[in-house]
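These notes open a run of structures that come right after.
Here come two complexes built around chain A, the first alongside chain B, the second alongside chain C.
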Partner chain A sequence: MASTVDRPSGRAGLNLGYLPYLLPGAIGFFVVVLIPFLMNIAVSFTRWKGIGVPKFIGLENYLKLFQDKTFWAAFEHSVACVIAMALIPTALGLFLGAVLFDYIGPRFGPRASSGLRAAFYLPQILPVAVAGVLWGWILSPIGVLNTILDGLGLHALSQNWLGDPATALLAVMFVMVWLQLGYALVVFMAGLARVDPALYEAAELDGAPWLSRFRHITIPMLKPEIFVVGLTTTIAALKVFAPVYVLTSGGPDNATTVPSYFAYYHFFTTNRVGYGAAITTVQTLITIVLGLVFLRVQRKQTEGAN
Partner chain B sequence: MIAKKRLTAALALSLALAAGSHGVARADDSDKTFKIWWYETPDSAMGIAWNKAIEEFKAKHPDVTIAFEQKSWDQIEKAGSLILNSGEAPDLLEYNKGNAIAGLAASQGLLTDLTDVAAERGWDKTLTSSELLLSRYDDRGIFGTGPIWGIPDYGEFVAVYYNKNMFKDLGLEVPKTLAEFEKVMDAFVAKGITPIATAANDYPAQHLLTELALSKATPEWVQSYQGLKAPLDPAPYLYGAQTLQDWVKKGYVSKDATGLKATDMETLFETGKAPMVVSGTWFGGGFKSKIKDFEWGQFLFPGNTISSGSTGNIWVVPKSAKHKDWAYEFIDITLSKDNQALLGNSGGVPVAADPASLTDPVGLMMTENFKVLADRNGLGFYPDWPAPGFYEVMLQKTQALIGGTITPEEFVEQISGPYNEAQAEAN
Partner chain C sequence: MSADATIAAQPTKRARARSSNEPDGRHGEGFGRYWVLALLVVAALLTLFPFFLAAINAIKTPTDYGANGPVALPRSFDLSALFAFWTGVEFGRKLWNSVLISGCVAFFGVALSLLNAYALGIGKVKGRNLILIVLMLGIMVPQESLVYPIYYLAKSVGLYDTRLSVIIVFTVLQSAFGTYMLSAVLTQFPREIIDAAEIDGASRLQVLWHVVIPVLRPTLTVLGTFFFIWTWNEFLLPLVLLISNDNQNVSVAMGTLHGQHVSDPTTTAAAALLGIVPTVIFFLVFQRTLMRGVTVGAVK
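Our next item is the complex of A and B:
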């Protein structure tokens, strides 16, 4: 009897003990995320110019949205963004992290390794707007890259990088990789520091080449980091806005439009606030679903590992 | 037209918002504080003239504190109506003309109706009826008719800027007709020079296209187009689109323009790499101060009666303004002969200056060209005005046209869609 009474009161005590720590975050979440999101959902069922009285129109915005080619094209570009901001930086970050940790560090000293790590991380501390302006100068038809290529006699390689639909999305993707790589690299290098060096030594003594060690030790040991980086960068890719805004404004001819930019366009330039709200609602739902899938897979993997 | 400021404006937006709350000019709302906002930079002709107007106002009202805040064009474009709808609106502000911004605010009752004040103070005499077109918005927010909601005090238009030295080197004269214009361009192409620098990753390319379209337009077409009076009559745009693609093929305009911004275009002209640019009078001041190595001039688009152009952005008095009388007095000062002369002599285009008082060659040249256009009812406004968001549509489609990824027929079809939709919604 005593124990049954003790246990719930103990649990309640524990919950209450956590409460003050959860409170600031919860208030922030309610005020900054949840309430505006609910309002956004409400607005998505209306026709509204941003001022005046919104007019309820039911599912009209959603029906229109599903027939809007630009909207679907924007989601196709989101897939490209996931490749550029999540897949490539994760894979490349893992590889470069291992190279810096296993090869550069021991051979050229920790300074060389951390110097390079900082260099890869640099784009992360630069404001995206500034980075975008710089890359705009580099990738302009009269910009630095083409000038260098022309100077080297490689005229055939110089391109209208951001102005040609064939290259614009690739160019924006390249800048995204450049922006995101440092983040993945730094997390993976921190993860590598946690791995027991004895594992590598044993494998090395057994004659395992570097690639085998990378495949059989580094990748499995870094699974938690890979999931965290994968999840955060995928979410960042699904809501990406700034690089597209500063580099191409979604052009040429919508070749680089992404959902966030498309929503922004309707919110602020066409004054179709209800339609913009419908876009962001769908975008948020997709992001939440993908996030949950990620977390689920991660949990399964961790459970499997245990 | 003003979108060249877009990027810097985006950066400035957060700074300006932060500055606003730090109290640069955030005096209290006491009875003796007159709040004014505008977004013209301090070194622009308008900035110079209006700062002088502040001095004059202060001299007349030594007991009044002026709370001035420098805003960005983009800030008003994106958040103007929210500001007017809040308790934070100033007593007087420069506001973006056009249906999407000023029209929307007027139709939602956020602005003061200035019709009676304009008659009382004679603004409707100082400005011609065509100069007041963008001041009037009807209850749907469409310009041209209805009460006066704002007052312009400068003008702007699109024309051809040219490098006089490069023209002289090839023995070329200023062209008067489109055929002569093409001959001039042929001469440059023969020398391996792309005659017109433009930027299609930004607004200038749509202005060039519009000049070509307007060569086939009548004033009735302009009115109907800008006033959303009927579904789009695409004939002028089809001609413009065909000619522009033709010009790309002939080498008059580079396909690389699709990757260029307005500032790139500006640089190409200022560094003497391009003999001509087709763009607005807002470049005049910059060219005046930056070009030292050659002589340059401006001529109206050859063969056109109508060009893109209009009176500038407008002074509006928010409905909730606390000191409307001071706002009217300030507008009076900016429309005075002295202040208008200062605007012109600073490289701008005044609407109410005495021509004899203009001594600056750049201001004089542009003011004269503006007068030519205004006198022949040749101000065609801007292509993106009819509907909110039409700017993006025109930009993207002109870019695709120059890049050669759509045909002139597809261009017309793709701009007609959103236009006709907006037209149906408005009516």
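Our next item is the complex of A and C:
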């Protein structure tokens, strides 16, 4: 690797010959990402209904936004999404991955552990819209969950899970965990495959119980994977849209609204496009800042390790 | 840390070797170990329970459903809910749209990623790190902040409500990740092979076609598989861009269901089942590729 990196950069002139290969990608990036991105920022400083000429109003949208209770509620729900899509799946996936890898695998064979892994992974590949239809049906007032609860004699517990502000967010969070767990699990199990088994064997011979092996071998060895899963799922949680759209449409009473849905609502329902653009601009800023913080932390960690 | 290592290396068998020299039931575990297995099996079954529910209820008659509830095994066998939903939303058409859109994105997305990565990874074009950082930002940007301008632009160039618009948008969006991954792979491409080809008088295009692509083929397949399934599952942009019945894909048809075509629980189950089946088939066929691909995606 070093030999290619160290190649004399005196060949810069030659490298220009590669520029045509970048052209299609550059055009695409400009048209689909960069121009829309800049347009969106520009629109956020205007009052615009999507037709006619946008009227420049400076920071008015942003000032209004910070006084908008729904906006703050949406961000609180974003935190809930981070818990449901990043925190819980990462923690649970780590635990399950370790159990499958160094307990189930050795004792019951690789087929048992990879079969279980596949079962936990399956929801992850489902289109979210399909998962929404499925869970909307299960959680509906006359749905499967309530039928089961009634069948168990727990009538008191059955309720309108997605329609009651008290339970809607929890129900959506539950579906998110169900969707997300498999991703973390698969990544962690793949990461464990590169850990030297001798490490575990030595620890086992020394009589280290499972939990301390988990703490002192599994978690430190999986640090890069934990970091990546944490980062990608957190970013995904901040821009979550489909589960909310399909399950609750942000309701009841905005109990489950998230920034993406809130922006979508203003773009396409109220036609307050400038306001929607302000929402997504703030959301983008938060996502990018968080991403950069994550990357910085990672860089520090890897530097510290060397 | 390098993506190519993960792709090239099959999951190691090392770990498995351990099981053979592990005497049964040591540490006095006895039946204890079966408890762990049983717990995990129950958890896995609970995870799969919704799939099972959709399957058993999609083939019941509404009377059976009404009388015995959603959890009971079917006592009737009736495919009319499935047929009703299929014809009601023209599901065949939605499936074809999904296949067409995802297939084109997989192909063009890989091609575009490869061209970019060739210039960045092999060509080491000046400012490549800056380009990669900009691309990464492009990935991090929420689609929500692009959606209205894209919708507006699509309308103004007459691409609104066409499958082509979705294909173009996702080809570009997916290729951001593809470029990032492939250029990491190509940075470590053995230089000697390329030099040898160049000495033999091969042009850059010939090097790409006859040297790079053959070596990279497995990686490109993984990438394409992933683009396919990611695009299949996308929701927001197709929801905004594909309005008419003729152009909608499976995701949009499902997402806008909300009681539109669904009058009863068995039809909802049927709808869910029809949404599940293609993905599960795809999963069974490409399981290994997908599992490897998740890891590839996570390396960065």
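We take it that the second predicted complex is superposed on the first by the 275 of 306 C-alpha atoms of A that agree within 3 Å, B and C clash if a C-alpha of one lies under 4 Å from a C-alpha of the other, contacts with A are read in each partner's own complex, and residues count from 1 in each chain.
FYI, a residue touches a chain if its C-beta (ideal position, glycine included) is under 8 Å from a C-beta of that chain, and two chains touch if they have at least 3 such contacts.
These numbers come from a predicted model, not from an experiment.
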Inset, instruction - Have a look at where A:283 lands relative to chain B and chain C in the superposition and call it first, second, both or neither. - result: second
Inset, instruction - Could you tell me if A:133 is touching chain B, chain C, both of them or neither one (first, second, both, neither)? - result: both
Inset, instruction - Mind working out whether A:246 is in touch with chain B, chain C, both or neither, as first, second, both or neither? - result: both
Legend entry - Residue contacts on chain A - larger count, chain B or chain C: C
Inset, instruction - Quick one: classify A:141 as touching chain B (first), chain C (second), both or neither. - result: first
Inset, instruction - Could you say whether A:270 touches chain B, chain C, both of them, or neither, answering first, second, both or neither? - result: first
Legend entry - First, second, both or neither for A:291, with chain B first and chain C second: second
Inset, instruction - Please indicate which partner A:216 is in contact with in the superposed arrangement: first for chain B, second for chain C, both, or neither. - result: neither
Legend entry - Partner chain(s) touched by A:50 [first = chain B, second = chain C, both, neither]: both
Legend entry - Partner chain in contact with A:300 - chain B first, chain C second, else both or neither: neither
Legend entry - Shared contact residues on chain A - chain B and chain C: 50, 129, 133, 136, 142, 245-246, 249, 268
Legend entry - In the complex with chain A, residue positions of chain B that touch it: 7, 10-11, 77-78, 81-82, 85, 100, 104-105, 108, 110, 200-201, 254-261, 264, 267-268, 387-389, 391-392, 395-397, 399-400, 403, 405-406
Inset, instruction - Quick one: which bits of chain C touch chain A in the complex? Just the residue numbers, please. - result: 1, 6, 11-12, 14-19, 22, 33, 36-37, 40-41, 43-45, 47-48, 50-51, 53-54, 69-71, 112-113, 115-116, 118-120, 122-126, 131, 134-135, 137-138, 140-153, 168-169, 171-173, 175-176, 179, 187-189, 191, 204, 208, 229, 232-233, 235-236, 239-240, 250-252, 254-255, 257-258, 265, 268-269, 271-272, 275-276, 279-280, 282-283, 287, 290-292, 294-295, 297-300
Inset, instruction - Would you mind writing out the residues of chain A in touch with chain C in their complex? - result: 1, 3-5, 7, 12, 15-19, 21-22, 24-25, 28-29, 31-37, 39-40, 43, 50, 96, 99-101, 103-110, 112, 116-123, 125-130, 132-138, 142-144, 147-148, 151, 178, 181, 183, 186-187, 190-194, 197, 200-201, 224-225, 228-229, 232, 235, 238-239, 241-242, 245-246, 249, 259-260, 263-264, 267-268, 273, 276-277, 279-281, 283-284, 287-288, 291
Inset, instruction - Please give the residue numbers of chain A that touch chain B in the complex, ascending. - result: 49-52, 129, 133, 136, 139-142, 160-165, 245-246, 248-254, 265-266, 268-272
